[in-house]
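Note that the chains take the letters A, B, C and D in the order they are written out, and that residue 1 is the start of every chain.
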Amino acid sequence: MADLLLSYIALAMILFSIGFLGIISRKNIFIVYMSIELMLNAVNLIFVALGRYNESMEPQVMAMIIIAIAAAEAAVFLSLIVVLYRNKKSLNSDIFNVLKQKDTANG
Amino acid sequence: MDFGILSIIIFLPMFVAFTTLILPFGAKGTRNAAFLTSIVIFALVSSVYYNFELTGFLQFREHYTWISSYGINYSLGIDGFSLIILMLIATLIPSAYLWLWEGRTKGYWISMLLIQTGITGTLFSQDLILFYFFWEAMLLPVFMIIGMFGTGNRVFSTIKVTVFTIMGSLFMLISILYLGVSFFNEYGFWSFSLNDIVQINNLTRTEEIWLFFGFMIAFAIKIPLFPFHTWLLQTYSNSPTGGVFLLSSIMAKLGVYGIVRFVMPIFPELYKEFAPIFVWIGIFGLIYFGIAAMMQVNIKKMFAYSSASHLGFIVTGIFSLNVFGMTGAAFLIIAHAMATGGLFLLVGKMEYDLGIKAIPALGGIAKKAPIFTVFFGIMLLCIVGLPGTNGFVSEFLIILGAFGFSPTAGIVSAFTVLIAASFMLWMFQRAILSDSGNDVSKMTDLNKKEILGMLPLAFLIIAMGIYPDWFFYKIEPTIQHYLLDILQIRN
Amino acid sequence: MDNFLLAWIVLVPLLSSLILGTMYLYSIKVTKIPNIVFSMFALTAPFISFVLGVSFFFRLLENSDVIIYRAYKWLSVDGYDIDMGFMADQLSIFMVLFITFVGGLIHIYASGYMKDDDGYGKFFFYFNLFLASMLLLVLANSPIIMFIGWEGVGVCSYLLISYYYQDSENVKAGNKAFIANRVGDLGFIIAMITMFYYAGSNGFDYINLELGMANVPVEVLSFIGLALLIGAIGKSAQIPLFVWLPDAMAGPTPVSALIHAATMVTAGVYMVARFHFLYDMIPNVGLFIAYIGAFSALFAAIIATKQTDIKKILAYSTMSQLGYMFIAVGLGGYSAGIFHVFTHAFFKALLFMGAGAVIVALHHEQNIFKMGGMRRKTPLVYFTMLIATLAIAGIPPFAGFFSKDEILLTAFGSGEYFIWIIGVITAVLTAYYMFRLLFVVFHGSNYKENRELHSLSKNMTMPLVILAIGSILAGFIGVPLLLGGQNYIGIWLEILNSKALHVEHSIELYLMGLNILAAVIGLLIAYKKFFNYDMSKVPEYTGLIWNKFYIDEIYDRIFVDKLKKLSIFISYKLDINFIDKIVMGISNGFIRSGNVVARLQSANTRMYAFSMLMGISVISTYLIIVMR
Amino acid sequence: MIDFIYVLPLFFVGLGAISLMIVSTFKSVTIRKGSITTLVFLSMAFISNLYNLNTGDEVYSHYPFIDIFNKMIIVDTYASYFSTILILGAILTILIGIHYFEKHKEFTVEFFSLFLFSVFGMMLLVHANELISAFVALEIASISLYVMIGFEKVISKRIEASYRYLVLGSLAGVFFLLGTSFVYGATGTTTIGTIGDMSLNTFATNMNLLIIGGTMILITFLFKIAAFPFQNWAIDVYSGAPLPVTAYMAATFKAAIFGFVLRLFIVDFDLIRDFWDDALVYVIILTLAYGSFLAIIQKSLKRMLVASSIVHTGYLLIAFTSISALGESGASSIIFYLVAYFLSAVGAFGLIAYISSDDHLRITYDDFRGFAKIRPYMAAMLSIFMLSLAGIPSTIGFIGKFYIFTGAIEAGNTILAVVGIIATFISVYYYFKLIAIMYFYRSAEMTNVPPLKGVAPVVIAFIALAIIWGGVGNTLVAYFPGVDLLIDMAKLSYESLFVG
């Protein structure tokens, strides 16, 4: 039973890492968003697995809550994507760099 | 004297400053208020001076709790050493005001008043945090007065001097906190008051050395001692007259005061152990700055160098670990403050009239302004250390002290009689006396106010030279107390 | 009893000088005060002091023990008191007498000399201040009080030399004098401090010092002696610190007469005599002093033979006469030295004043070869100058003869034959250059018959006469027993003389004759070369001697230039380019690293996420490391 | 009923948020009305909070509606103290911001609703006694902040800041969840207090797992307070956000985060906290260095303040490390410094916001040349804030630094104190530069700076006075609440953590 839990957690970790790497490597905002969702769901997986492991309902509830929050985030994220696209006519996250450190004082 | 006279002396100028700041005073009104304040304070201080008993211990104590949770107290007190500096401040500031009488703005006077508060507060504090408090607070009006009314590249030099000084004092702060904590660890309750801090004895030697230098760096920058002097030149040559007057004649001395007040009682052993280093740093500075001053063209920079050289000599005195050196140092603090202060006022007038700081562009002043020249000469001879002025008495005593410390030091430090004379007289010849064909027609002679302001300085310089013992008996017990009780030196 | 009058000897000139100073400032700022008022205050002071001095002189005559007056406690540190004390013993009172007397005369002379100078009041302010300091110097009862007077004298000479301050040359000369004196003072201070620590345990006045020195190791004593000697050399313009004296002639002539002939320069001699108890214990240092004196005397005499400026000649002669005095005091013949100080004061003051008279008469012409024939124009000056010249040349019975003879006798008697020979040669040269001056100025065929001379006022000529009489008579207070005389001065100052010298009368006679012979030789050479000297061609001097052996240049090369270079290096190179660079370098370092850090702010989300990943992985690695 | 009184502050804020959300649809509700409504709700919450706090010296700790919430929410002195600070911060932000919000057209009444939601989230965060609910609270606050930052959607830097904060923030949030899951796996509970009890018996608990979970939570914490190596976002987001929002985030949000994390680490990770300390030392040093280096080169005033806020994070972390050795005084020094920094930062940001609210001309240092000539009082106040941030005596900033450094030395890591001091004297450079520029240049071109009237300047002036008062303490008037009061309150609230 325990090793089964372990394998679940391992899977969750893999998903988590994929998500993280996705944030780092992909330029497209949508994919960045999906990667975040992926990471959240990886955590959810852990919770559910844990709940199954020591027959308690708590982790399931937590998973539910997390999904809810993820939905809230999703709303903000999608609306933001719309605004960004309207602003720059592009989904490439690398071109959003107006806040780059430009002027550097000397002396 | 239990109505808190010291607090009044500290906070009266600040109060006047803020009142004039808020109320619609003009420049003139502010000036009159400031002058009146300085006179009142002079009266208070002289009453302190006469009620001061001839012991080496603190008097006029005041003690209130400030931040009880960390045992930080508002505690004041003075002893002979602070007394003379206090008397000095009270005497110098009114005459300085008489000199700055015309053409200064309101902000100028307010800054001067605030500086006075900072100085006196620093002088009275018997609690390390309180001392640090005033020590830093003193910096702000100086920052303002140099930056707002200075000349030349004033913004840069102001920032430079501020950062430089604050760096030093922050290291001091760390040392203070460390001392407080180790006091807490030893005795189980918080206190930063000097009397408690001196009882710490759970510090290892390494810790002590670090803390010692933490303190010393702050004071060495303020004084300034040899490697930390570079802020001095730009600051002195760019400051307005009032600022450079206070910087040179009083604040620099507060560095020395800090060493005597805090470093000596807290680290008596290290004080004795490192005395040779500082005696020699002092002597080195004396000669180094003296030589540097010779070819300096900017007259204010020359005086900056010369006062740095004298302050090195003062440091030699206080580290010479005998009564002659220390008394001499205390005396040279007065002498130098009066002479250099006077010289900076005079030069400030010259700059104000002619707008010239370069020696080659001057000359022929003596014919235009004889009285100016007379006072200039008196101050100059005091700097040179001519017998009959208090400059000689102090230098002689310090040389005695240095000789008592080590004959070589004594003989080397005796060269002071040559150094100051050489560059001062040469400057006097080129800048004041001889006709160099420059146009100095705008130079005016002293008016009545200025004469009135300069007379006390000149009088004291000569009186203290002819009858020094008048002024010694107040401070001598304190010095004895330092040597016998604090440093445990019998000589 | 009325010892406090001792203080008044000093106070009277001091007060008068202060009054004069304030009056002068008042007169230039507010309303002009007539010179007569100034003169009133100025001229009375020295005579009051003189009278007081005389009164003490008589008190010392009846009982010869030292009179001491402690005015107040000057300084009291650590239970150790230094008094502002005055001491009158034979030596100091003797000095007081001739200082005030000659000084008074020079005051009178100056009142004529400066009468149409608009700094009249200022001049006498300095003059009396100088007198006060000089009197304090001789009357002080402890080295430190003496030092006050000592420095006061120095600064007054600075002020008086640079009296015409508009011309920077004069001020330079003043600075030179002050700095050279300062070098001496350095020695003095070092000596004082060493004395203080080794011999001053029970008081710092001369008497206690004398007691204290009994048990001080001799090498320390010789160190003190040498250090003091530096001071003496500085004041009395001996080798190697003499350079200031010739330049000091930039001041008005009365100044040269008072300071650089009669009083100030003799302070060195006085000091050595004052510290006789020290030098008696270290004879070899004394010998060193004597050698310095001898060489200075010869050196100055040689230079003087080729000078053309009348005052410079006199200045060098002063230096060489001071050399004689140093020979005497160095060899322990203090009374002889002081005797020469005394006589020299008369005839040298006279010479300067005569020269001054001539200079004034010729509208400030100082080159002797542009004068000539003054004998007929100003006979009075001529005669007085003649007397003085005879006196300095050492022709009996004039004053200089006796004193110089006694000095040479001392040299011979103490077996220092080399010094003695130098002394004799110097005597020849002295006679030569003095008579050269006399002949050229007064006898030389004058080539400008028709030029009207500036008239000399009464109070310029009157002192000349008095001093001339003095130069004739002054010698007779020290006539050696040999000539059936009575060596009053020797008796008066016998407290100083430790060792008696015994020379057979026959040898003494020979020596005396030899001296006269030397003087006469010099006179004859001068007569042959310069009597009726053809004034049409002014000789152009060149060469080593004319250039004073290039001593000034050498000093500049060695000390001054090096110092200036060093100063420039420090204040314009080292401080700015090195020390300040370090300070500013640190702050610039912060800013530079700030610019490096700023590159990380690329505003790229993925980069930020990546840096987060890096951070997290570092932390996780740390975890793994720690947890096992 | 007593329970209801305890949750009253939360209730008021939440109610305000919802009701504003509803009324915002009506056109008649102007910005001013909306802000006033916000203020009303906030002040009601504030009063009820003070009522809770006003218990004299004895501390209290209470789980309201335990049958509903089941120890998810705690109301104790500590939480009330923090939520007092938070509400105060919110009130000040609104008061200072009013002028700014009115001048900028994009702001609508929804903004205030979001604002109240974020306040609600933060209060919930400090009241949270359970990890998941803490996460919920955190997300409520964060999400509303994302929107507030990007509210002016026509300005591209706003939305970019919002985007960056959203991505990285939720990334960090995921780590919080991961940590939670580990903690749950290790201890079988997520309730604060219980975790601590579980961590005591080492048989039942997998310590390593607990430590890993704690570390993950710590990572989120470090991210939210912008500590090294998670600091990059801060300068972009803060300088991208509208100035009042920046002030709000920099001061208030940071306080909320600390409020929760202190509770968590003091109560639960008491045994294993020192495990992180020596790692934190490096984090602190790097944070201080990064912040100082970044701040020293800034030309834009706002960016400088933001960068320096990273430095202040470093100071707070110094105190955080010294908790394990000191306990009470360490925690209280954090709380005090939070207050000190909160006052100074809100004042500084708010004043700059006010100055540049009409025209966006005064951005960089040089724009403030000779500012003292045209607006002397504003210049004076700005100088006071700068001095307080630099920790110069006679300002509250000095006292705060004093506590922190003393604590660090007392806790035995003097090296941190020294590094902090060095950072301080670097900071003197970039803070004093502003004062110098304002005062030392005679030339001053008069652009239209709003005059010194309206509510915002008054509030700012009061903040300035408070700063001075806090610095001078009760030296002027004895027996008047000065610095000591704050400290005593902090200590009291610290004690309340252990009564529950």
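Operating definition for what follows: a contact is a pair of C-beta atoms (placed from the backbone, for glycine too) under 8 Å apart; a residue touches a chain by one contact, two chains touch by 3 or more.
Being a predicted model, the structure only gives us computed values, none of them experimental.
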**Asked** Quick one: most central chain, C-alpha centroids?
**Response** B
**Request:** State the chain with the largest centre-to-centre distance from chain B, centres being mean CA positions.
**Result:** A
**Prompt:** When the contacting C-beta pairs are counted for B-D and for A-C, which pair yields the higher total?
**Reply:** B-D
**Request:** Round to the nearest whole Å and give the separation of the Cα centres of chain B and chain D.
**Result:** 44
**Asked** Between chain A and chain C, what is the separation of their C-alpha centroids in Å?
**Response** 97
**Approximate Å spacing (C-alpha centroids) for the pair chain A, chain B** = 65
**Prompt:** Rounded to the nearest whole Å, what is the centre-to-centre distance of chain C and chain D, using the mean of the C-alpha atoms as each centre?
**Reply:** 79
**Complete:** Each of the following residues of chain D touches two or more other chains, namely 160, 163-164, 167, 171, 235-236, 294, 296-297, 429
**Complete:** So chain C residues touching two or more other chains come to 587, 591, 594-595, 598, 601, 603, 605, 609
**Fill in**
Where chain B touches two or more other chains at once, the residues are 163
**Asked** Which of the chains touch, listed as pairs?
**Response** A-C, A-D, B-C, B-D, C-D
**Prompt:** So in the complex, which bits of chain B are touching chain D?
**Reply:** 64-70, 74, 129, 132-134, 136-137, 140, 143-144, 147-148, 154-155, 158-159, 162-163, 166-167, 170-171, 173-174, 177-178, 180-181, 184-185
**Residues of chain D that touch chain A when the two form their complex** = 132, 135-136, 139, 143, 146-147, 150, 153, 156-157, 159-164, 166-167, 170-171, 174, 177-178, 180-181, 184-185, 188, 190, 235-236, 239-240, 294, 296-300, 303, 364
**Of all residues in chain C, those that touch chain A in their complex** = 588, 591, 594-595, 598-599, 601-606, 609-610, 613
**Fill in**
Within the complex, chain C is touched by chain B residues 163-164, 227, 229-231, 233, 288, 291-296, 301, 305, 323-324, 327, 364, 366-367, 370-371, 374, 381, 386-388, 392-393, 396-397, 399-400, 403-404, 407, 410-411, 414-415, 417-418, 421-422, 425-426, 429-430, 433-436, 445, 466-469, 472-473, 476, 480, 491
**Message:** Under the definition above, what is the set of chain D residues touching chain C in their complex?
**Reply:** 160, 163-164, 167-168, 171-172, 175, 208, 211-212, 215, 219, 223, 228-230, 232-233, 235-236, 275, 279, 290, 292-297, 426, 429
